[in-house]
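Pasting the structures in now, so scroll down.
Consider the two complexes below, in which subunit A is the common component and subunit B and subunit C are the respective partners.
Here is the complex of A and B:
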C-alpha cells in the first residue's frame, strides 16, 4: 500500500499537531473571543475610540518602547563598534559576556535593579551615608525604572544584528574614504553609518517588537504606575475578567507585531542586496 | 593639472612589528611625475611601504618628505594622496558619480565645479554614460577605472596604486596597463605602483624598485635592471637567469643571450658543450634545457622562426655567448 503523502511527513506530524493544537489554536481562540465576548461584533475594538484609559495605555506602551529602542540601539551600536575593533581574544570575551547576559532570567535581572536602585537600594543608601543626598533618588517605580530595566535587557538583542553588519564592511572602503580626504566624522556619517544601516534597522525592529510584549519589567519596576499593554491584558484576564477587552488588545499587539515583521522582512532582503553589492 | 610638488623622499624608513622587520631601512628618492614601481614577492614589504607613504601604517624609524617637507606625522586624509586599492574599495552604496565626486564633496567644493570635474574624469577613464550606475553593476575592469577616476579627481600630487590589476584576467590586464600608462602621461601625477607581476613592472615603469625581505635589492630603469642585475635575486625575479660560477664570482646569463648550435659549430668568446635534456615549443620561442658537465642545467631561449627545426632531446650541442652577455653579480654564492 502506498501512502498518499511522503512518509517523512509522518516524522514531523507530532510536532505539527503540537504547534497547531497548542499554539495556533489558542491564538485563533483569542481572535474569536475579541469579536464575540461579551456580545458578537466589533464592540471591543470600538472601545479604542471611546476609552481614554485604553488610549493612554497604548500611548504609554508606544512611547516607552520607542525611547527604549532608541537607547538600546545607540548603546548597542557603540558596543558592536568596540567588539568589531577588538582583537581576537578580547572579542571572544566580549561576545561571551554578551551571550551570558542572554542566559540570565529576566526576573533575576529585574529584582537586581530593585536592589541596586530602589529606595533602600545600594546606590541610594551609599549616597545617603556619604551625605550627598537627603532623600532617596526615585530611580524605581516610575517610567525611568522601567526604561532602565528594559534597555538593560534589550541591549544584547540590539548588538548582534549591528555587529554582523559591521563585520561585513570591507576595511579598505573606510581607508579609501580617509585617503580621499574624508575626516573621521565624514567617513562615519557618509560611509560607515550608511553601510551599517541594514543592521540598525533590523536591530530597531527586533528591539521594538520584543518591547511591545514586555510584562515583568514594567510590572515590577514601574510599581503599577507605568501601565503598559501586556500588564493591562493580564489585569483584564485575571482580575476584572473582561476577556473581550483583553483579547482585543492581544489581537492589536499581534497584528502590530506582524506588520513590523513584514517591514523587517523587506529590510532583511534589502540587507542581502547591500551585502551582495560589496566589491 | 597636478597641484603641489609631487617629489617624495623616503629616508631610512623602517617598520617593525616586535622582532619582525617588515620594512628595513629604505631610502628612496621619487621624482615628480615619475612612474615608480615597487616590485617584489609577497612578504617583501612593498605593500607595507606603500601603506606607510599613504599614512595607514605608523613609521618605526625614518622620515617621509613631500616636496622637502616631512609628512610623517600627517594623517592620511591630510596628505592629499590619491590611492587605488586592491579590490578597488568603491563605496557600494554610492553611484559612480558620487564615488568620483566624494573627494571633492568632502572638501566642500561647489556643486557646479564637482559636476564638471566628475564629467572630466569620466571622460579621462572612458566611462561616460555610467555615472548613475552602482559599483555592483560594473565589470571588474570598469570598477578599476572608476577607482582610478576617484583617486585622481582632486588632482593629487601623488597617486598610490596597490596591485590595482590583480583581480583582472590576463588579456584585460595588458589592455589596462596601456590605458594606465596613457593616463599617467596625460595627468603628470607621480605614480607609486605596487605589484608582484614583473611584466607589469617592465612595461609601465620609468623606474623599478626590486624589494625583498623589507629591503631594496636594486633600483633602476626597466632596461637597466634587466640588462645589469646586481644580485641573484634581482636577476631571477625580473626575467629568468642562468647562474655561472667563474673565477670565484657569480655571473647571471639570460637564456636568450646564449647561442645554441650543433656540436662543433659553435663560435663565441665563451663556449661549453652539453646535451639537450628537453625542448619546449612556446610559439615565438623554443625553450631548451641543456645538461652541461659540472653545472646546473642551462636554460636557452631560441627564436623559433629563425632557428627552424627544434633539436631533439639527446642531441649534443655547443652553447656560446659574448663576454658582455654574462653579468657579474655582487653576491658571492647563489
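Here is the complex of A and C:
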C-alpha cells in the first residue's frame, strides 16, 4: 500500500510554491507587461508589422537556429551511432568525453573561441603559417563564428536523445534486413534511420529550443553584428529600458519554446533529453 | 559481427568530433601562461604571473568567495526541496503527479533570458536586486529541477517494497523517509547536489540582470573580462573554473554511477 496521498503532496509543496511564486508568477507578469507597457493594448505586437529591425532580428534568430540545428543533429547522429556500436570500455570513454564537454562552462568555451578565431587567432595564424591563406579569414563578428560556437555547444545535446533512441532498437531487425538480402546502405536508410526518427526529432527540437534563447555565444562571437532575440531583449531591458518591446519578444520566444516543447514531449520524455545534461 | 567500412570510418570521425568538443577549451591554458601584458600566446618563456594576480587580487578573490557561497547555499536549498519533491511525486505516482512534474521542470526549459527578466522585475520592488538573497533564490529555482530529475532517476531503481516493509514494521513516515528511502537514494542526491552547485557556479545570464556592484560572481567578472578582451587574468580564471568544474564532474560521475539502478 502507498502512503496516503496527502503526505506525498506535502513533500511536493515547497518546490511548487517556489516555482509558482518566484518563477511562474513573475513570468506571467512579463507577459502582462507586454500588453500594458507603455500603454495598454497590442501596440508592442503591432511593432512586428512596422519595424524592419524586429523582423530582421527574428529572421536572423530563426535562420541561425535552423542552420545550427541541422549541423548539430548530423554530427550528433554520427557520434551516437559510433557510441551505440562501440564495445563497453570504448563506449564509456566516449560517453565520458561527451559529458565532460557538457560540463565545461559556456564562458570558458566562448573565451577560447575568441582566442582561436580572432584575426590573429590560432586558426588564422596556423593557416597563414601553412601558406593556405594570404589574408585572415573573418571568423568573428559574423554568423560563421556564431555558428561555430553554437554548434560546438549544442552537439552533446543532440547526441543524448539520438543515443537513447538507438539503444532501444532491436538489433534483430537490422539482422533480418541483412539476411533478407538488403545491402548495408539499404538497411541503414530504409530500416535504421526511420527507427531512430523519434530520437532525431527530439534532438532537433531540443537543440532548436535552446538555440532560440541563446545569449552568451551570439552576443560575444557575433560582436553586435549578429543580433539575435536574446541579445536584443537584454539591450532593451538593460540599456534602452523599453520593457514593453522586450516583454513582447519574450512572450513570442516563450510561446515558441513551449509549443516546440509540447511537440517534443510526444516523442520523448523531458528527463531523457536533459538526463545527463544541463542548460 | 563484421564491421563495415562506412561504420569504421564513422567511428573514426566520431572520435575526432569528441576530441574537438573538448580541445578548444584547452587553449585557455597556454594563454594563461603568457608573460606579456595582453591576451597572447607565450613564445619564449612562460609566466605564472596571472595566476598570482588572480589569487592576490581582492576583486577576483571576492568573486570566488561570492560564487562559492551562492553556489553552496543554493545547491543546499535546491537539493533539499528537489529531493523532497522527487520523493513526494514518487509516492503519489499518478497522472496528476506527472503534470506537476512537467510544470516543475519549466525552469530548465524557459530560456534564461526570460527568467532573467522575470526575476529582475520581481526583485526590484522587493529590494533583492544585487543581493545574496536574490541570487541564491534565483539560482535555487533554476537548479532544483536538476535535482528533481537526478533523484527521480534514483527512485526509479529503488525497491518500493522496502518502504512497505519499514511501515509494516511500525516505522513512522518520517523515520521511513530518513532511515530507509534517503539512504537508498543517497548517490542520486549527491549527484543532484553537485549538478545544482555547478549550475549556479556557472550561471551568467540571470546574474547579469539581477546583480550590479556589491554582488559580483565569478562568471560576472569573467564576462567583463571577455567583453574587454585585454587582461590575461581572465585566461587564468577560465583555467581555474575549468579545473573546478572537472573536479565536480568527477564527483558527479562517481555518484551517478552508484545511483544507476542495478539491471
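Definition applied: the second predicted complex is superposed on the first by the 250 of 279 C-alpha atoms of A that agree within 3 Å, B and C clash if a C-alpha of one lies under 4 Å from a C-alpha of the other, contacts with A are read in each partner's own complex, and residues count from 1 in each chain.
The working rule: a contact is a pair of C-beta atoms (placed from the backbone, for glycine too) under 8 Å apart; a residue touches a chain by one contact, two chains touch by 3 or more.
Not measured: the values here are computed from a predicted model.
For subunit A, the partner touching the most residues, choosing from subunit B and subunit C, is C.
When both complexes are overlaid on chain A, the residue A:181 reaches subunit B alone and has no touch with subunit C.
Contacts of A:69 after superposition on the shared chain: neither subunit B nor subunit C is touched.
In the superposition on chain A, A:196 makes contact with neither subunit B nor subunit C. By the document's definition of touching, neither partner reaches A:204: not subunit B, not subunit C. Once chain A of one complex is fitted onto chain A of the other, the partner contacts of A:172 are limited to subunit B, with no touch recorded for subunit C.
Common to the subunit B-facing and subunit C-facing surfaces of subunit A are residues 274, 276, 278-279.
Subunit C makes touch with subunit A in their complex at residues 3-4, 6-7, 10-11, 13-15, 17-22, 24-28, 31, 39, 41, 80-82, 84-85, 87-93, 97, 100, 102-122, 137-138, 140-141, 144, 146, 148-149, 152-153, 164, 167, 173, 195, 198-199, 202, 204-205, 208-209, 219, 222-223, 225-227, 229, 234-235, 238, 241-242, 245-246, 248-249, 252-253, 256.
Partner subunit C is touched in their complex by these residues of subunit A: 1-3, 5, 7-16, 18-19, 22-27, 29-30, 33, 75, 78-79, 81-83, 85-86, 94, 96-101, 103-116, 122, 152, 155-156, 184-185, 209, 212-216, 220, 229-230, 233-234, 237-238, 243, 246-247, 250, 253-254, 257-258, 261, 265, 270-271, 274-276, 278-279. Within the complex formed with subunit A, the residues of subunit B that make contact are 54-56, 75-83, 85-93, 102-103, 106-107, 134-136, 143, 150-151, 154, 160. Subunit A contributes residues 170, 172-173, 175-183, 186, 190-191, 194-195, 274, 276-279 to its touches with subunit B in the complex.
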